[in-house]
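Both of the next two complexes hold subunit A, though its partner changes from subunit B to subunit C.
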Partner chain A sequence: MEENKEAYWQENLRLIFICLAIWFVVSFGLGLLLVEPLNEFRLGGYKLGFWFAQQGSIYSFLGLIFWYGTKMNKLDKKYHAES
Partner chain B sequence: MNKHTKMAFVVAPFLAIFGFIGADLYEENKADDNKIVQLVPEGHCDITNKSCVLLSGEFKINVSDEAGVTEVNSTFPLDSATLFLVDKSDKMTPYPLGMKKSPYYWRSNTPLGGLLANQVDSYKLRLIIKIKGGQYIGEFYTQTVQ
Partner chain C sequence: MDELKLYTYIAVFGTFALYFAIAWWARAGSTSDFYVAGGGITPLQNGMAIGADWMSAASFISMAGMIAFMGYGGSVFLMGWTGGYVLLALLLAPYMRKHGKFTVPEFIFDRYYSKTARVVAVACLIIASLTYIIGQMKGVGVAFSRFLEVDYALGLYIGMFVVWVYAVLGGMKGITYTQIAQYVVMIFAYTIPAVFISLQLTGNPIPQLGLGSTLADGSGMYLLDKLDLVVTDLGFKEYTTSNLGGGLNMFAYTMSLMIGTAGLPHVIMRFFTVPSVQAARASAGYALVFIGLLYTVAPAVGAMARLNLMNTIEPVAGQNLEYAERPQWFKDWEKTGLLKYEDKNGDGKIQYTADAATNEMVKVDRDIMVLANPAIANLPNWVIALVAAGGLAAALSTAAGLLLAISSSISHDLMKGILTPDMSEKNELLAGRVVMTIAIIVSGYLGLNPPGFAAGTVALAFGLAASSIFPALMMGIFSKKMSGKAAVAGMVSGIGVTMLYVFQHKGIMFIPGTSFLGDMGKDWFFGISPNAFGSVGALVNFAVAFAVLKVTGPAPAHIQAMVENMRVPGTISAAHDH
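Presenting the complex of A and B:
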């Protein structure tokens, strides 16, 4: 039982770190650090770096929320932790 | 919507706020670095006829002269602006411009009106502008065409 809890928590932490890494790459990496090279390309009439800073990062955050929810749901079922 | 999705929705705004603060600090730090950017005239420059625009990306500076007062109008607020009149022997005379009502408008009395009174009169000018530690420098000729 204790081992199950530990494994559940470790997998949860893994998901959280993946989410935080994507959050950092999308917001800071694509929206700030790589903004100049990305601005060479265009998406929907906007410079790509600008688009990531303004809209792309928000879309990614929303996607992350639902991805995390789905993955955690599966994790709950796997470890019978619905309650 | 399961409890994890709800929790993620609660946490997400805090991450967005941290991201905003981090981005703001990063940009402020970057802006503090001393950098020198060149201003380039957009076409022919004639300050007595209010037709002189200097460019650097989205940053635009309009230089004009009327009744002995030379005025600089910019698209972004400036920290300071100095105009240099450069004579034929390359001797510079500085004219620090004073703010007029807002940091978008700067002016100073200069003898440019007299120096450019006749058609085809031209004069070499240098403009140094400071914004948040960065410097914009432009060297250009103004020539009266009318």
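Presenting the complex of A and C:
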């Protein structure tokens, strides 16, 4: 049982790490740090860096939360950990 | 009574009647109802309630106005106030729901087995929440005085009464269902004018797409390019690239708002209302859907309002508007003092430029952009009436959530938890209601007599949440060895550093001229502004906590076992019958 708990936690940590990496890249990376080079590209009337800062990051956050939720529900089933 | 006023009365008092009806239907019968709505809220309902709870008068009224004048720099609010939900969903909400208690200080007490930690948490919570409420109360007063032309004070009393009825009667249960209704009112009030304006300007009814489209004026020019051109012609900074105090400051600001959002107790508390860990994760997702709906429209509202304002004053470059021919909305807002014109060159026309010497629009308050937007765009009166009801819904729903956070931390954590542990459930429920009534009176008083430091307090609320509550909660879950002593040391030094920096810039308790270290130049720490300093405070918190942990040794075994248990959903603990 104890090993199962630990394995479950390690798999969860891995998922969290992936999600936080994406979370960081889409907002701090593409929206702030890399905004100037990205602004050379366009998405319709949007400069691309500006779009990430004011639109794209928010859509990515949404995708991340739901993706994490789905993966975790599967993990809960795998370890029979549903509440 | 003119048509607009009649529509506004119908919209405002119609929505109030709806809130009362919901309050009566969702009365609270137990402490569990009162604190966590009996734990029976579905994720979809909770997501909507979180949306209303989170989106305050500041989000509804001020944010688009700030973006309108900051351009790209306003992105810190958009990313900061939404990115925090990723942290909530991944790092806090599921585990805190698994532990299954009523309040945030109670979680801190259990995890850090320390009454000191609980009291520190209650203090942080009350300071952060009270400073926030002042803004909501002012929003209620302003909305009433502007739209219904009643006295500011009377407007505030009406607002206090409405919140009192449904928050005291219904507790979390009443607040939750009212917030769902308020979310619906708010989102319609925000998006309908935006759809109209986007359609007028670009021919595209979806504001998020309209912002990236070409103008419908036949020029074939992209809206944002046109805006960049118009503002730079007048000497303002380019809209799509104008920075907010440099790259590092924007980084630190965004991070502070994100972790501050994840650490605000009135939001975290809402995750205790759902029946399971899985539901807590889903709630965060739905919450961001509902919040994102407003937050992705806001940049369009901001940019389009700025363009409309510029076009009204200078329809064709070099042909400025005659002051005598100014539109009605201009006159209305002049009356409030939030818009001021001064004919500096005596030509009777309006010049609006970035140069203070020649600029004749001497005051354009950011807060009027959303409220004046429908009138600037010549939208029908019922739309303007809806905006008034939406602004009130935003202010009232957030105030109610904050009041509940305050009253539960006093009745449940201080009274039941520490002072009078043998209090019966019935008495605790009564105490909760009495404390909430007192909290409403105190916040109403503060709304009527805003302390001199009210303007600077948002920095303090987010700074406190970011530098104290968020790190304590996160370490409590992710480091099972983290001890009470180390966590308290971390919290105290995190808040300490943040408050010192804010006070050094803005004066002790925001009294000007009391900077204790003398003049040190603006934003002296790597150019980071006081509003952005919560992220530095959080780093200090983590560093101090782990240093103290190393010296004083880990948490006892039974606490570590409790943390392990918190990390797995497992069979749900008896969350709501204690």
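The definition used in the following text is that the second predicted complex is superposed on the first by the 83 of 83 C-alpha atoms of A that agree within 3 Å, B and C clash if a C-alpha of one lies under 4 Å from a C-alpha of the other, contacts with A are read in each partner's own complex, and residues count from 1 in each chain.
In this text, contacts are C-beta pairs under 8 Å (C-beta built on N, C-alpha and C of every residue); 3 or more make two chains touch, one makes a residue touch a chain.
For clarity, every value in this text was computed on a predicted model and none was experimentally measured.
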Which of subunit B and subunit C A:73 touches, first, second, both or neither: both
Per-residue touch tally on subunit A - higher for subunit B or for subunit C: C
Subunit B versus subunit C as contact partner of A:8, first or second or both or neither: second
Contacts of A:23 with subunit B and subunit C, given as first, second, both or neither: both
Partner chain(s) touched by A:46 [first = subunit B, second = subunit C, both, neither]: second
Contact residues of subunit A, present in both the subunit B and the subunit C interface: 23, 27-28, 31-32, 53, 57, 61, 64-66, 68-69, 72-73, 76
Partner subunit B, residues of subunit A touching it in the complex: 23, 27-28, 31-32, 53, 57, 61, 64-66, 68-69, 72-73, 76
Touching residues (chain side subunit C, partner subunit A) in the complex: 67, 72, 74-75, 78-79, 82-83, 85-86, 89-91, 94, 98, 208-209, 211-214, 222-225, 240-241, 247, 250-251, 254-255, 276-278, 281-282, 284-285, 288-289, 292, 295-296, 299, 564, 567-572
Subunit A residues within the subunit C interface of the complex: 5, 8-9, 12, 16, 19-20, 23, 27-28, 31-33, 35-36, 39, 43-47, 50-51, 53-55, 57-59, 61-62, 64-66, 68-69, 72-73, 76, 79, 81-83
Touch list for subunit B against partner subunit A, complex: 1-2, 4-5, 8-9, 12, 15-16, 19, 22-23, 26-27
